[in-house]
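Several structures are given next for inspection.
In the two complexes below, chain A is the common chain; its partner is chain B in one and chain C in the other.
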Partner chain A sequence: MIGKVRELAKEWLTTKKVDAIFGLRKQNNDVAPYLFTDVKELKDLVLSIDNRICFTVRPSKQNIVHLIQKNSPDMKIGIIARGCDERALIELAKRFQIDLEKIEILGVACTNKDAEECLCPIPYPKTIIIGEKAEGVSLDKIKNVESLLGKTLEEKAAFWKEQLSKCIKCYGCRNVCPMCICKECKLEEDLWVKSGELPPDFPMYHFIRFYHMADRCIECGQCEKACPAGIPLLTISKLVRKDVKELFDYEAGKDVEQESPLVTTLDETPLKEEAKDVAV
Partner chain B sequence: MKGGKIDQVSNNGFEPKIVGFLCNWCSYAGADLAGTARLKYPANLRVIRVMCSGRVSPEFVVKALRAGADGVMVLGCHIGDCHYQAGNHRAAKRIAILRRLLNYMGIDPRRVRLEWVSASEAQRFTKIVKEFTDDMKALGPNPMKKVKV
Partner chain C sequence: MLQYKNVLTTCPYCGAGCNYYLQVFDNQIVGVLPSKTHPVSQGKLCIKGWNAGDFVNHADRLTKPLMKKDGKFVEISWDEALKTVAGKLTEYKEKFGPDSLATLSSAKCTNEENFLMMKFARAVLGTNNVDHCARLCHASTVVGLVQSFGSGAMTNSIVELEDADCIFIIGSNTLEQHPLVGRYIQRAKEKGAKIIVADPRIITLVQIADYHLRHRPGTDVALFNGMMNVIISEGLEDKQFIKERTEGIEDLTETVKKYTPEYVAKITGVPAELIVEAARTYAKAERAAIVYSMGITQHTTGVDNVKSSGNLAMLTGNVGKASTGVNPLRGQNNVQGACDMGALPNVYSGYQNVTDEKARAKFEEAWKTKLPDKVGLTIIEMMDNAVKGNLKAMYIMGENPMVSDPDINHVKEALENLEFLVVQDIFLTETAQLADIVLPATTYAEKDGTFTSTERLVQLIRTAIEPIGESRPDWKIISDLAKLMGSIDFKYNSPSEIMDEIAALTPSYHGISNARLEEGGLAWPCPTSEHPGTPFLHKEKFTRPNGKGQLFGIEFKEAAELPDKEYPFLLTTGRVTFHFHTGTMTRRTALLDREVPTGFVEINPADAEKLGIRDEELVSVQSRRGKIEIKAMVTDRIPENIVFIPFHFAECAANLLTNSAYDPVAKIPEFKVCAVKVEKIK
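On to the complex of A and B.
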């Protein structure tokens, strides 16, 4: 598969379809996003589900594609994007971070194995150029989700208190998240999250992340992979994403034209009456 | 957006602490009217005046629950009457998501209630506060409040 990707990247560059290809480059044993402009470099182009091309650069808290476009506004970039990368790009464009007009997506489908490893619901971009569509992992197939839903309120609280007490407040879950791009982050405000307090007071730190992701999480799975404490963060993010779909028929990363229900009125995006009540 | 029906039990004379975020333009005025009309409502309610129900971010609610509230009410203008056009539309959506998220984290979503109360609805205001106070009495003390050590 990587052979085909390199070939196509080369073609796009030589035919001047794009000015640069943005993808992952492997050097020695390190994989990192790289802007390829010279076809000779393409031999180091790789695919990896453990690295995202769509990441937020710290400490400026800006997406890397945003920074490239800021630097070179006229550059036409071909981006090697999987399902999650594309969803992130769509969501970022919606939030005025990047300009999709100057981006050509070289869509790559992930394998079944990749999808399972990431617990990915849609392991392919809208237009697949390379690879075969694999089946996504649906919510009912995820063990953590099933086991959480089977718990009583008391059991859920006990479970999360225990899990979240392992948090070392490394900010890894936020830092890897392609959607955590706020200049001022509530997790850094003493009012909400006391600095120097470990583990962070239940439940505010994680509540903030989960709630802020309600209309943005594109289910890339990076937060959970990044967590050194092994906290099953995706369990809640996925459930909240399902709820937002149920309540407002909205899915982050699906359509650049569809605005988040949290910025529209009830006339534009009604709250589904039948989904209003919460099962306890 | 009511929770399930809660059995009316006295719960050993437990008096819940209730925090109410009241919109300045309607619910707060409604509460004021209830006061001047000498309508009785439970003293369990601690009122925080906000300019609009849209000002209440979900963090406020969680912080109140953690800091010692047994229940939190958000009261705003009826849909169509918000002084900032759509603040209450946002409140409705946020609280809907918030309640589901609380449930996943093991926090009883019935401890959070959103209602619309206009400046002239003193009766409705007292009724809602009474109902919610009774609900919180039945639910008992909020287990997630921080115990002072």
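On to the complex of A and C.
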């Protein structure tokens, strides 16, 4: 598969379909994001489900694609995106963070193994260029969810209290989230979360974020992977996403034209988010 | 065209050695991205690591050399600065002899820089007066574990903790001070390990502890002896291990006899039955690990405490195999390395003694100069000698004794009494403010080199951006000074060349080179260029000369200064997760400063009520050495009659109060126990 990705990336660069390819590169025995402009470098291009191409840069609080576009507004970028990366790009475009016109998505489908490892419900982008569509992991197959659904409210609260009290307040879940792009974060306001305390306020510290993510979370699972304490954060995200789907028939990352039902005015007409941080 | 790069590097905060990428846009650090494959960090970081790019470009960075004229700093050229320093140091060396000079090396700097600083002191200045802050944190570990095992470092690797069956954490607030090490304790717990925490405070790790032993600070030896008394009297010791691999069991058995759980309960305040249960749990575990940190090292009995941890581990056969051992957690990114490099008054790199003729001859030959044969001064002795006037000049690199050292008033008197003080740092620290010349150094993000983590893992740091302003890497500054002082050596073009010299002269680093480190870290000992490194020590035999581990009978001794009528509270000091040491970097990091902007004194609600003190009220805390005003934090976290102050904050510095009484062998000061009074401010 990687051979095909490299080939296509080379073609896109040589035919000037794009000015640069944004993907992952083998580096120092590890993997890091890289902006490929020279076809000779493509031999080091790799795929890795542990590394997302669409992530927020901390502490700058801006998505990497947004930052690249801000710095090079005229550059046409090819982005090697999995399903989750593409969903993030769609949500970001919806929120005026990036300009999809200047982006070509080189969609790569995940394998069954990838999907199971990430517990991913939609392990492929809208347009698959490379790879075959694998089956997503449905919610009822996830161990935590299954055991939680049978529990009483008190039992659920106890479960989460125990889990969330392991938190060391690294802000890692927020930091890696491709959609946590607020300039002013409520987690950094004493009104909501008392500063300097460990573990942080239960349940405010974590639940503020989950609620803010309700119409944005694209289920990439990066939050859970970044958590040093091993808190099953993806489980909550999945349950919230399920509620939003059932209540509003809305799925984040599905369609750039579909506006969030949670962003409304009192007279129920949709309100566009402020476009003050527009990329281009 | 935009230049976007990700530079893999090692975190400059604690000794866990996490790796991450510094993300750079056109020579500007824009963020931090955790490394997914690093053995410890595995895609995760603590709050300090996530924000470790923030202070690099802070407006307060020193960008030009400074000289004090009429009590004020003025900017000068590098040329003038280096010539002045070289001239002054030469002048004092000639007038008062080499031992009138001293240098402080830095656990924040690279191995290469520490190696050069100790080489500079010995080969250029001609004195063994070189020390660094390991004196203040793990000097007792270096000395104590050498006596017990033959090697003064963490015996096992961090990730092994995950598979331990029992972890005994004593004097380490692991989840807060080494969060990514704490993670492996959390994981061990989830896999069914029993967790024993011995700490007077209710630290965050207590949440997952099966047993919490809240012993009175300074009674660690008694607690260890009590546990060993139970183990021996119940026949739970590993008799085969003791027979085959250790010596000194008779002495140990005899000594711990009187330390019955009831007797130890009286000394420590820990209920006897809790001591019995903890001892049984530790002894019965298949693989039991001890994790400790400054809670046991920073005492006048620091070496005794460390040796006691060795006793307990060997008594139960918990050394030399995976997921066991004695695991001191080093506080600084490179405090292990600074020790390994010989930035200590008694040893060259690789712990080769300056008093050993053969070792000295080896270094004399390599450096083509005569070297001093007398053991030099430790930090505390340097300060004493500066006050007495014996020490004339000091060259301090990347250390801030005006906040970090005990009894700051005494430190101030010492540094002010010097005729010449040079401080090389990234910010104008409290110590730099007292300097005659300040040399602006670069941060970890602007230079190459290596750090050695607490698990002996030697790892690269890589240049991410160009030096800020006119700042220069420490290795360059030292090399230039050496050359100006007439050295024909010190002709290094890169830190990699310095590493080659380190490897040639240091047995445990023989097999290490930058080319190998490009592929990932190597844990010493790494004796040959094919050797894969050593995750855990003492597998077949101990590194002591006869291959046996040494058990000691150790009697409990009280701390140097105990509460009395006038100073009724016991003060113990420590840290918070959001800050690092003297706050030079973390207090210049927006998110960390927001979390905890200033210091506080933890006081138990019962004590607070007696004194009529409310939460957040400003109170006075006073010891025989100093007095501070500080915000009270009324909390159950601290037991009655004890107060706790984090030492990061210069404006309410805990170390104005602490006692500089030190361990007779390791000369580590007693930061963890002194007597204070707490008063309401009227």
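Definition applied: the second predicted complex is superposed on the first by the 263 of 280 C-alpha atoms of A that agree within 3 Å, B and C clash if a C-alpha of one lies under 4 Å from a C-alpha of the other, contacts with A are read in each partner's own complex, and residues count from 1 in each chain.
Just so it is clear, a contact is a pair of C-beta atoms (placed from the backbone, for glycine too) under 8 Å apart; a residue touches a chain by one contact, two chains touch by 3 or more.
What you see is a predicted model; the values in this text were computed from it and never measured.
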Contacts of A:Cys182 with chain B and chain C, given as first, second, both or neither: neither
Chain B versus chain C as contact partner of A:Val256, first or second or both or neither: neither
Partner chain in contact with A:Cys170 - chain B first, chain C second, else both or neither: second
Contacts of A:Ile2 with chain B and chain C, given as first, second, both or neither: neither
First (chain B), second (chain C), both or neither touched by A:Asn71: second
Touched partner set for A:Ala157, first chain B, second chain C, both or neither: first
Chain B residues touching chain A - in the complex, by the definition given at the top: 1-4, 58-59, 62-63, 66, 79, 85-86, 89-90, 92-94, 96-101, 103-110, 143-144, 146
Chain C-facing residues of chain A, complex: 27-35, 37, 48, 50-51, 55, 57-60, 64, 67-68, 71-72, 75, 165-166, 168-172, 175, 188, 195-196, 198-199, 225-230
Parts of chain C lying in touch with chain A, wherever the complex brings them together: 1-2, 4, 6, 8, 19, 21, 23, 25-26, 30-38, 43-47, 49-51, 53-54, 175-176, 179-180, 182-183, 186-187, 190, 204, 207-208, 518-520, 576-578, 590-591, 594-596
Touching residues on chain A, where the partner in the complex is chain B: 148, 151, 153-161, 186, 192, 201-204, 206-208, 210-211, 214, 235-236, 239-240, 243-244, 247-248, 261-262, 264-267, 269, 271, 276-280
